[in-house]
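Shared between the two complexes below is subunit A, which pairs with subunit B and subunit C, respectively.
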Partner chain A sequence: MTNLQSQDFVRISASTLTPPSVRDHEAEVAKLIDVSRCIGCKACQAACMEWNNVRTDIGYFEGSYDNPSDLDPGTWTLMRFTEWENDKGDLEWLIRKDGCMHCEDPGCLKACPAPGAIVQYANGIVDFISENCIGCGYCVKGCPFNIPRISKVDHKSYKCTLCSDRVGVGMEPACVKACPTGAILFGSKSAMTEWAGERVTELKSRGFANAGLYDPPGVGGTHVMYVLHHADRPSLYAGLPDNPRISPLVDIWKGLLKPVSLAGIAFAAIAGFLHWITEGPNEVQPEDEAEARRLMKEDDAR
Partner chain B sequence: MTYPRGTLIRNTTATRINHWITGACFVLLMLSGLAMFHPMLFFLSGLFGGGQWTRAIHPWIGVVLTVSYAGLVVQLWRDNLWNRDDIAWMRAFNRVLANEEEDVPEVGRYNAGQKFVFWSMALVIPVLFITGIMIWEIYFSTYTTIEQQRIALLIHSLAAIAAILVWIIHVYAAIWVRGSVRSMTQGYVTPGWAWRHHRKWLRRLAETDSIGPRPRADSDAPRA
Partner chain C sequence: MYRKEGGAFPDPILNLTRNYTNPVEPNPEELAKEMNGRALVDIKDSSGAVTLRSGELLDGFAQLRDDGTTESGCWIFSGSFTEKGNQMARRDATDPREQGIAPNWAWAWPANRRILYNRAGADLAGKPWNPSKPIIEWDGSRWVGIDVPDYGPTTNPSEGVGPFIMNDEGLGRLFAREGLVDGPFPEHYEPFESPIANPLHPKVQTNPAARVFADDRKAFGDASEFPYVATTYRLTEHFHFWTKHALINAILQPEEFVEIGEALAKEKGIAQAGWVRVSSKRGVVVCKANVTKRIRPMMVDGKPTHVIGVPIHWGFTGLARKGYGANTLTPSVGDANVQTPEFKAFLVNIEATSAPVT
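This part shows the complex of A and B:
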């Protein structure tokens, strides 16, 4: 996406300054994906391609309904189908719409080295600003959900924008609009959480004792949430992380290491300068030349 | 290249060219790498034509540096082997720092400090090369898992900081010990310089009637 001046920021990648945030009264939004109501029609995928005008090359059948087989620079959302045999021996077809989770604490943004290439708007949406992206792939390492994909053509990183352009002018994301069963809903995060609670209650009454809302606290919660029938085992759903969090390796690299390194480099340079002004240069003395001449003459004489 | 009469060759023309290719690559890598390391240094990417160019060119310079440093290792490893003189020299390091070298134990072509720089770079550069390949997104991102790439990134950053610290020591020592820079630009040192800083090297050269940088193996033969 390009930068949307109509919204304001709570976070900007690779910035040491507080981003413009005077209008942070904006309500946080959320997309709620009710996996229990999804029929796997892929209308959301088609709507995403249509609204965002992205296309992917036709691939090959990989033995599953997943089509294409993975997210890519032109596939920002993807239905992932899992055939799971439950404890009673019955088949459950678990269908999860995969895509950016719009973390409250985004690992991609934390890892990004390019100022303003990744931003988080006050409404919670995490967006990639392509003109600032340098194509390094650090966002891929930062993301706990394996979402961003780097284009081999333009070396830019791509993912779901949560239709920030539509949301910015008061519309719901394209996938939400296209969903025929109401499995994808959009609204304020509090309203979506409330509605999810009703859905969970209903699922529990229907025998899904472990039904629940997936809003993982390890990343500060997300602005895309799932209602799962088996919320105790998110990884059943095509490897949805059970306890996602930004890798501690990324935390060290982007946290402590940066200031400590620069301080260390500055210290080394200052130490050198102090040595220079206290001890000064080490100059060859005339006696050294004389001694050397004497040594070489002795050797020649031998 | 002609050298002034009575001076000793410290670095051959091949070594000097090899050294400065390495040095130029190192400086470019440091500038482009720091641009991608700390937001406050991102402006350095402007030197390379912007962020995309910085990201694209950094690994290629790294490849050149790795090959170039391998050349230096081939040329200089023998004279950098650790020996007993180095321990004696290190014990006297306080006097070295105070420019009181008169009573410091004699050393050969390289002292312990120079050997430290040589071997630290010989260790750190391959580490940077391997981890750098792992995080070279365009060509190699599919060969390792994302978790392995996270580890590689952290090691790459740590190794780069170590290399920069060693580089600061190297550059400062060259400025501090007068005559060192010329030995790497024009290639020669005066006998007095060799007497003061590398007396064993001078003795070996004089014994074998060599003008440097290494003693002559066939020292009985007449000098060419």
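This part shows the complex of A and C:
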């Protein structure tokens, strides 16, 4: 799903090789989702399905406008609708476009044990290289935003690519192109941050005192950012994590357990070797032969 | 058939001009040129000089003649495809004053005018109301500006011609002096099905000029049997009843539902996404309920009045899940002037039910 090349990789899952640095000068990109301007029309969802050519099953009405009811291998972005009564008792319909946040410090990539199945490009996009995916699901555990979904059909993990194939040839992601209100914007991370600042100022002037930009530092910032009217309470927006961090399990797995297990393997090998040196191989002794013959005789006599 | 059997006046059919490259399947460019119109003979001005040669495309509707020497599909399209080419294909997005007017982007009818009645943007003397955003203004001898004047190009403001040139009096209208069968002043009538008496004048409950057939009138319910107000509407994911046949739209809103407020849901024991039976005097819809904070009872005449929202998009066929037609519930009422159906306000009842057997 990409027009970018291996020379664009700056991080590669489960690899100890040094990634190429030839594209390090590239500006980092970002998608800015201005929740305050979203009307919940789902044009972004339709455009995502069209461009990426993915279709999920026709579902059911399950008690909200969220359809499909969750992200799945064919649903890489999803409008999540929340009806929230604010402190004044007024209703606010909070509509958040959910999908991969493209973390600067991607938990999925860290957790992934399959070499080259998850990569990050110099422009910041985190992409799944499907042919390398083994479907283990560690990326799901590694993701602080609960985004990747494993297909029950081909056992591959899927999520938003930030339209890396479009971005690679200088186009904006499909959802950005389709958005009729300008609620989804795309550009360099610095430009998007700057524009978000203007929007936050505007929202504050309209009485949203806690308006702000969601670019969580716990994952090194993200390449998909939100303008929120209530940036002090991200979890209002269908459970957007207040302070996302990569699960400590990933650090234990990759940080603590990996050297411990490597040490365990090394210890077993060394111990075995030492045992062989000091004790020698385990050979059959004459007493063992005699005992075996005696047992066979007993057996015959019975 | 007309050639063989004749008829009252077969000429328009028999003499239809179809001089296209392929008469059975004209290409869009040929049709666009025909819509624009062309001269059928050499057109001369008053001095006798030829302004337009026979066969040439018209520059605009001012060149049309009522003597059969010119042709055009419709006068408002005249100027859209001229000898200079397809004006509708122009793509110069230049917006000279950054006020949303790009005169060289495509083409707008009539005469590439972007704002109708744009004379109203200037005061009586022809000076723009907002000098920083002039549309057209009087320069002493003619109207100039970034838009094409919707006014006599040399009509002096002192002549006192009103800006709304299509109205007899030349002025904008707050009410219609003529044309409305229930005019001229706006009046409030209740919908034909309403839970209350007309609070403005109880003796005239509904619009006496509305189009209602006798049999349809018999099918009106009242609030004793159908105590809730219903309204039909569309969702952003669908277009009318068409897109239930389109896969992506069907994925985005797969199944029929009605929307009710939390208070009514509690009162009637209706669960979120639970099945409900919505009935009117005319029909029944069985579908799921979306219990939402967005709908609250309205206080009407001192009483809480519950509203039920009925999105319309599902039916007996399509890729989306099968549903009941919303219009089995709605009344057959045509408004007094253009007979638009009264689908936005009618009476229903609602009760919790079990899932239909499939």
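Note that the second predicted complex is superposed on the first by the 273 of 302 C-alpha atoms of A that agree within 3 Å, B and C clash if a C-alpha of one lies under 4 Å from a C-alpha of the other, contacts with A are read in each partner's own complex, and residues count from 1 in each chain.
The criterion applied here is as follows: contacts are C-beta pairs under 8 Å (C-beta built on N, C-alpha and C of every residue); 3 or more make two chains touch, one makes a residue touch a chain.
Since this is a predicted model, take the numbers as computed values, not measurements.
Undergrad: What is the contact status of A:Asn67 with respect to subunit B (first) and subunit C (second): first, second, both, or neither?
TA: The second partner, subunit C, only.
Undergrad: Considering only the touch criterion stated at the top, classify A:Asp299 as touching first (subunit B), second (subunit C), both, or neither.
TA: In the superposed model, A:Asp299 contacts subunit B only, not subunit C.
Undergrad: When both complexes are superposed, which of subunit B and subunit C contacts more residues belonging to subunit A?
TA: B
Undergrad: Answer with first, second, both or neither: which of subunit B and subunit C does A:His275 touch in the superposed model?
TA: First partner only.
Undergrad: State whether A:Val54 touches subunit B only (first), subunit C only (second), both chains, or neither.
TA: neither
Undergrad: Overlap of the subunit B and subunit C footprints on subunit A, residue-wise?
TA: On subunit A, no residue contacts both subunit B in one structure and subunit C in the other.
Undergrad: Spell out the part of subunit B that touches subunit A in their complex, as residue ranges.
TA: Listed in rising order, the residues of subunit B that touch subunit A are 35-40, 42, 45, 50-52, 54-56, 97-99, 101, 135, 137-138, 141, 146-147, 149-151, 153-154, 157-158, 161, 164-165, 168-169, 172, 175-179, 190-197, 202-203, 206-207, 209.
Undergrad: Which of the residues in subunit C end up touching subunit A in this complex?
TA: Residues 236-237, 247-257, 272-273, 287-288, 290-294, 319-321.
Undergrad: So in the complex, the part of subunit A that touches subunit B is made up of which residues?
TA: Those residues of subunit A that touch subunit B are 14-16, 113-115, 132-138, 140-141, 146, 150, 152, 155, 247, 249-250, 252-253, 257-258, 261-262, 264-265, 268-269, 272, 275-276, 279-286, 288-293, 295-296, 298-300.
Undergrad: State the interface residues of subunit A toward subunit C in the complex, per the touch definition above.
TA: 39-43, 45-46, 49-50, 55-65, 67-68, 83, 85, 91, 93
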